[in-house]
Each structure stands twice: as structure tokens, then as C-alpha cells.
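You will see chain A twice below: alongside chain B first, and alongside chain C after that.
Take a look at the complex of A and B:
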């Protein structure tokens, strides 16, 4: 029997969808499941964590854990992994996971795999599949170490609506703060906007939108669709969009049902962040733009004409 | 301040990559400096300019890395070490991190700057694991470095909830995102001078270690096969009157794709 510990993905006090996805997959593999929730005021999440598919909930709840700090976060996860006798520790795809997973792996003497999209367990033999080289190839990786720490790529596993667990809360002591890497401040980017990585529809804006007026136009389309609003790096570099809106290899990986790319050329680094989307619609005035090579539906035209029309049409069907 | 930056030679991701019989076809590949390592080099050179830091790069791998090292010299790096060992051809991140540990211990550095990930592995592990092995502090995904005093720096990290401002006690490891800077294009003078500079090349034995010592013979995981990525295909393209084509596309999204 494999014991899989899932690290709860919590943002602004809310449990993210990836936690259910990971627990669903763990249960489908026939594993024993536990979850560890680290943060401030996270203990009230226990019933939700159980409903998400865990049979044990390790809770590390302390005001000192409010802002992410890699060392204590790692210590909390390692403590839970040891308590649970975890064979695997799975993180959702987040900056927290990317920072903590390699540390947890070193401390558990485990193998570490980033961005996995599949895992198979056959007796003692464990294999994972993950993209590499800017999402251009897939690697099949055999795990030799007795333990595996993995970061699961966004959208890799489907949530199972039937899945549920049972509440069995284990409270763990908070680890000591890191005195050599002191987190002074968090400049929060909480905006009350729909979270990109959880959104069903994502609308992203690229350099084609030119300026603030263009951004506002595309943002209005996103609002009409109740969609997450993302961007290419060019718009972040131009100071028109916040860093946390960047979709791509260095930004957010998204896999919504519908991704709408407006005025985005489709550079390899951007594609790496969105080509797992179910359906892609691209709007670009250049018929040769690479984004059309991945788009299921392409509109060749000036976004300043196309986006207002799209808004009109969507208003009609939403009415 | 003594800074060590890491520079990996990787396949150019802008070119097509073909897979056959479980392996990547070598033909047609080109090699470049890992994009995020270029940001690391730029960050180090900026600290050299603002705080007289002494900058050393290390590149690990087998074969000729002269071109990428010369480029970094031309950008302003002072010294270069190339750990050239055939065993490292297929090494993984933890192994590279162990080699980096040996390099670090031989050089008494105050700060290590690595890229957030290598373009070929997309692992994002070596820098963080190095810090873990050395038991020194580390901040990943950094977009700003400010020197506080001789033994402290302040960094900004892009985290899940916003930008985290962290005070780091040196020695420390920082892994940088491409948002940190715009790597400079080397000037002609730098390029000419770079040609004359020496590269310190050694194998693992020269570094006082062995492949076994750095965990290479007992890897925690192993790539057994490469597979081609299933390519998305471009679908229907529409051109013409915006009102007409958007009506058509929205209809398709609702009734055919069923995503609206």
C-alpha cells in the first residue's frame, strides 16, 4: 500500500482546486491519503480537506506561518510526511510547491519530479511522466529512490466528484522561523479578481493590445465571461499587467476549458503555459502568427474590431 | 563580496526537437546558454558594478562550453570554471547540486546566483538543493536583489500571494526569474577581451571528487524514455467581417465545442 501525502494548496485562506484533483488521483491509485495544511487560520479547513478526499488531515496552524517562508514550510511538510510514513508527497503546481518540493525531497532523501502529468505504481516500480524542454517533449522517468516528491502540473489530474474522505485531524507543532531568510513583508497582489489557475475560462492579452485602453477593452471581455484575466510577458514587461498575471513557462500554467488569446503571437514560452487548455481561441491580425498553430478557432483580424464584436455576441447568448 | 553564478549549456528551445526510438535526435539541435542563467549572470555583473563584487561562473557538463563562457566573460564575469567530465552528460539536478557544493566549498563564496530552472530539464531544483546540502538560506524565483551590508542582502520573490520581501544572511543561494533584469548585449570591447581570458577547466577528479561521490552512480530517478509531445493542431481560421465571423465563432464555441 502506498501512502500519499498531498500538500494543501491554500491561497488567501481558500482551498484551491488542485488539492481535490491530487487527492482524487491518489485514491484512484488505491493509495492511503493524507493532506497537510500549513498556514495561519487553516484549521477550519479540516472538513473541506476531508471532503476533498483525505483520510487524515495534518494541520500546522500558526500566525507565524501566515506569509510563506520556505524553511518552516518545508519543516512542516517533512514532519507530516514522517508522521504519515509517506511514500510520496505531492504538491499542486504553485510557487510554494516549486520552492518547497526540492527541499522536502532532500530532507526525505526522496526523488524529486517537477511538473508531472502522470504517475503509475506497479508493485514497487514507480514511473512518472512529465514534459521537459519548454514543453516540447515528454520524459518517462523511473523512480529509484524509495520515496518520491512530486509537483503536479496544473490540469494533469481530473477531480472526481464522487471522492470523499474522513475527518481525522492531527495537529502538529509549528516549526521555528528562518532567522537567516527573514520574510519582512508581503506586498499582496490579492485583487478580488477571479484566480487564473482555477478559472474555467481564461482571457489573455498580449502586445497587440498596445496600451492601457487596449488592456481595458480585453479585460471587459474577460469580465463579461466571468473569466480569469491573464497576459503574455510582453505586457508584464511593459508595466501594463501585474507579474502574477503572466501565463507561460515562467508564469502561471493554466488549463481552462476555454483559453482566449488576444493579440498574443504564441511564443514557445507562452504556449508552454496554456497549451493544455481544452479549447483555444486566438485573435490576431497576422494570419501567420504561431498561436494559430495551436488554436482550435482562430479569428484573423484587428482586435480593436474583433473584441467589441465578440462582446456583442456573448451578450446575446448570455441574455 | 564573492559571487558564484551557474551557467548551463542547453538545447535551443526555439528550434524543432525530434524524438525517435525514445531518444532525442541530436541532428539539427543547437546549443545556447540557459535563458535564466543569462539573467543570473546579468544580476552578478550588476552587483560587480554597484558593489565591486568578484564574479565567478561555473558550468558543468561534458564537451566544449567555450562559446557560452566567452559570452559571459564579455558580459563582465571575472572568472570561469568548467567542470568538464563525460560522466556528467546525463546527470540529474541533485547530482549537479552536489558538484556545485564541491565548487562552493572550494571557493568560499558569499552568494550563489542560479537561474530558476534549466530550459532542458525544466526541473528548478539544482539551486535550491545546493542550499539544502550546504544548509544555507535560499530564496527562489527572485526578481530583485539589493545589498544591505557586507553580510546581508534583501531580495524580492514572486510568490503565490504577491511579492515577498526577504532579508537574507550571507552566504546564501538565490535563484532568479527572467523578470529580474534584461541581460545586456556584450559590447565589442568585452567580446575582444573575452577571447583572451582563461577558462579553468577540470574534471571531477580535478575538483577533488568523483561521480560516485556526488551521487551520480546511484541516481534517485532516471529518464528511461523521451516521447514526442502530442502536438495540438491548428483548427478553423476565420477572416472577414468582424461581426459575421465572431457570430460564427461564438456559435461554434456554444454548439460545437460546448465551452460557452
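Take a look at the complex of A and C:
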């Protein structure tokens, strides 16, 4: 029996969907499941963590853990992994996961795999699949170690709506605070907008929108759809969109149910951030735009004509 | 004197993918190589720090683990302003995964650069995209680390680092010795790499003073084998299958949008959490 510890993805006190996705997959593999929640005021999340599919909840709750710091976060996860005798530790895809996962792997003397999209367990043989080189290839990787620490790519695993676990809370002592690397300032650029990596629909805007008026038009479409609003890198570089809206290899990796690319040509760096989306719609003036190669459905046209027409139809659905 | 170690990697310029199907590793010897863009940014950060503290106050060692041809990027690093270039190369290091790479780099730094103050890495290489070596190296060296930095500044005995983390911009201070990985960013930011002066590369080549270290020089155990010691091994590489319909319409906007909602209306409305009423084509003739 494999023991899989999932690291709860908690942002501003809220449990994120990836936790259920990872626990669903772990249960589907027939594993024993546990979750570790690290942060401040996270103990109240225990029932939710159980409902998300875990049979044991390790809680590391301390005011000192409010702001993420790689060293104590790593120590907390390692402590839970040792308590649970975990064969695998899975992180959902987040900045904090990216920072902590490799460190946890070294501490546990485990193999480490980033951005996995699948994992198979056949007796003692463990294999994972991960994309590389801007999603151009998939690598199948065999794990030659008793333990594996993995960071799971957003949207890789489906949540099971039937999934459930049982509440069995184990409180762990908080690790020592990191005295070597201290956070001095935290400047929020959270705008209260829909989280891109969590949204069911993402609408992204590219160079085709030209200027602020174009951006506003596409933003209005995103609002009509209650969608997350993303961007190509060109728009970030042009100062028309905020850095944290960038979808792509060097920005956010998203895999929503529906991705709508508006005025985005589809540079490989952008495609790497969204081509895991379930359904992709694209609007672009240029019929040769590479975005159409990854789209389910493409409309060749000027976004300034197409978007108002899309908005009309969506208004009918909303009505 | 601050000793800055910059870990750089040679990556293939990928238009073709020269994978060896037998070993499941990249045939690096046949690929045209270049310095990894993210490592290049780390080197740029080091050069700027050195310029800030003064020529005699900092020293930059660029180190790479890789096949003999990776020497090229060390010449390039020297041409850009690194004081020393070191190549860790040995058949016994071939096939190292991120854990083994971090172990080997760690051994070099611990045993051969005991005065290392600041260690810089690119956040993520453009080929394997694991983003693991930096954090793993910090654990191997048992020093603090900050990942995905956008800006660095030396403040007394520590380094001040700005980075984006999820929806925050974080400003941290970290004691030295410490490790920082430099993020990718927009095209025109602080660590946009400078151009390599061609004459500088020539001069570096002519000086020919890249230090080459094999397993023995590094002090690796004589039966060390990175391939068999690596906890992960790539066993297959293949192209992802896309099951996309790739329907691309041209023509009248209204007609295209109608077709879209006929065929994808259900998906769109369910993603919105709404029931789709039968889609009517008003104004259709």
C-alpha cells in the first residue's frame, strides 16, 4: 500500500481546488491518503480537508507560518511526511509548491519531479509523465528511489465529485522560524479578481487588442463570462496588463475547462501555459496564427468585430 | 571580497530535438548549444552586483556541469565579465538528474570555493524545465535560499531580494552565504542580459583558461556513477497527442459566432454554471 501525503494548497485562508484533485487521484490509485495544512489559522480547515479526500489531517498552525518561508514550510511538510511514513508527497501547482518541493525531496532523500501530469504505480515500480521544452515533448520518468516528491501541474488530475475522507486530526509542532531569510515587506498585487489558476473559464488578451480600449473590450467579455482575465507576455511588456496576469511558460500555467484566446498569435511560450485547457477557442485576424493549431474552434476575424458579437450571445445565456 | 558563484547550464537551441531513444537522454553532442536564458540572467545579476560594489570587492566564478562542449558557455561567461570559468565534466557525471547535479555542484562549492558568499542560479532551464537544481543545491549546502527573484541588492552582510510569489511582491532579506534563483521576466527588465562582445569571446578563447575538473579532481568516489545514482531516469520521450478539432472558420462574423454557440454553447454555458436555453438564431434568414 502506498502512502500519499498531499500538501494542502491554501491561499489567504481558503483551500484551493487542487487539493481535492490530488486527493482524488491518490485515492483512485488505491493509496492511503493524508493531507498536511501549513499556515496560520488553518486548523479550522480540517473538516474541509477530510471532505476533500484525506483520511488523516496533519495541521501545522502557528502565527509564524502566516507568511510563506521556504525553510520552515519545508520542515513542516517533512515532519508530516515522516509521521505518515509517506511514500510520496504531492504538491499542487503554486509558487510556494515550486519553492518547497525540491527542498522537501532533498530532506526526505526522495526523487523529485516537477509539473507531473500523470503517475502510475505498479507494485514497486513508479513512473511519472511530465512535459518539457515548452510542452513540445512528454517525458516518461522512472523513479529509482523509495520515495517521490512531486509537483502536479494545474488541471492534470480530475476531482472526483464523490470523493470523501474521514476526519482524523494530528496537530504537529510548528518548526523554528527562519532567521536567515526574513520577509521584510509584502506588497499585495491581488486585485480581488478571479484567480487565473482556479477559474473554470479564462479569457486572455493579446497584442491584437492594440491598446487600453481593446483590453477593456476583452475584459468586459471576461466579466460577462465570470472568467479569469489573462494576458500574453506582449501585453505585459507593453505595460497594458499586470505581470501576474501573464499566461505562459514564464507566467501562470492554467488548464481551465474553457480557454478563450483573443488577439493572441500563440507564441510557443504562451501555448506552454494554456494548451492543457480542456476546450480552447481562439479569435485572431491572421488565419495562419499558431494559436489555431491548438484550438478546438477558431474564428478568423477582427476581435473588435467578433467580441461584441460574442458578448451578445453570452448575454442570452446569462438572461 | 564577495565571491559570487553563478551556476550556468548549456541547453540545446531547440528546433530539432536530438533525443537518444536508447538512453532516453538528450544527445547533447549533436545539438547546437547555448547558455540557458535563465542562467544568463543570473550571470547578468552577478555582473551588476560586482559593478555595484567595485571591481576589487567581488569575484565571479561561473561553473557548469556538462559534457566537454559546455566549455563554450564558460568562454562566453568570461567574455561577459566572469573572473573564472569552471567546467565539471566526466563520463561518470553523464545522466545526472537534478539531485545528482545539485550534489556535484554542491561538492565543487563546498570543497573548492569555501569562501562562496552568494550563489546564483537561473530559476528554470529552458530544456528540462524542472526548476529543481537551485533549491536542491541550497539544501545540499545547508544555506538559505530565495527563488524566483526579480531584483537583488547587497545590504551590509545580507542580500535584499524582491520576488513575486503568487499574488504578492515580497521583499526579503537573507543572510550570506545564501542562494538566489533569478526569475524569467519581461524583455526589458533589470536583468536583461547584455550582449556578448565578440572580441571578448575571442580573447577568452585565446586565453584558454577554463578550469576543467573531472570526477577525480572534484574528489568524487572513484566508482561514482551519476546515471545509476540518480533517483529519476527518463525512460521515454514522445510528442504529446493533441485531440483538438482545429476547426477554423472564416467569413461573416455573425455566422461564425452562431456556429460557435451551436456547437460549443453547452460547454460555454456549463463552464459559466448556466443552463443553455436553445440557441436561437435571431435574424437568420
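Note that the second predicted complex is superposed on the first by the 319 of 319 C-alpha atoms of A that agree within 3 Å, B and C clash if a C-alpha of one lies under 4 Å from a C-alpha of the other, contacts with A are read in each partner's own complex, and residues count from 1 in each chain.
Everything that follows uses one rule, which is that contacts are C-beta pairs under 8 Å (C-beta built on N, C-alpha and C of every residue); 3 or more make two chains touch, one makes a residue touch a chain.
Quick caveat: nothing in here was measured; it's all calculated off a predicted structure.
Steric overlap between chain B and chain C is present once the structures are superposed on chain A. Residue contacts after overlaying the shared chain place A:70 against chain B and chain C alike. When the two complexes are overlaid on their common chain A, residue A:3 makes contact with neither chain B nor chain C.
Once the two complexes are overlaid on the shared chain, A:226 sits against chain C while remaining clear of chain B.
In the overlay built on the shared chain, the residue A:19 is in contact with neither chain B nor chain C.
Shared-chain residue A:99: touches chain B and chain C both.
In the superposition on the C-alpha atoms of chain A, the part of chain A touched by chain B in one complex and by chain C in the other spans residues 11, 68, 70-71, 94-96, 98-99, 102-103, 105-107, 110-115, 127, 131-145, 178-190, 201, 225, 233, 236, 243-244, 249-250, 257-258, 275, 279-281, 287, 292-301, 305-306, 309-310, 312-314, 316-317.
Within the complex, the chain B residues that touch chain A are 11, 13-14, 17, 19, 24, 36, 93-94, 116-117, 119-125, 128-129, 132-133, 136-141, 143, 154, 158-169, 172, 177-179, 218-229, 232-239, 242-243, 245-247, 249-250, 252-254, 257, 259-260. The touching residues of chain C, when paired with chain A in their complex, are 14, 17, 19, 24, 97-99, 102, 126-136, 138-140, 143-148, 160, 164-175, 178, 183-188, 230-240, 242, 244-250, 253-254, 256-258, 260-261, 263-265, 267-274, 276-277, 279. On the side of chain A, the complex with chain C involves touching residues 11, 68, 70-71, 94-96, 98-103, 105-107, 110-115, 127, 131-145, 178-190, 195, 200-201, 225-226, 233, 236-237, 243-244, 249-250, 256-258, 275, 279-281, 287, 292-301, 305-306, 309-310, 312-314, 316-318.
Per the touch definition, chain A reaches chain B in the complex via residues 11-12, 67-71, 94-96, 98-99, 102-103, 105-107, 109-115, 127, 129-145, 148, 178-190, 201, 225, 233, 236, 243-244, 249-250, 257-258, 268-269, 275, 278-281, 287, 292-302, 305-306, 308-310, 312-314, 316-317.
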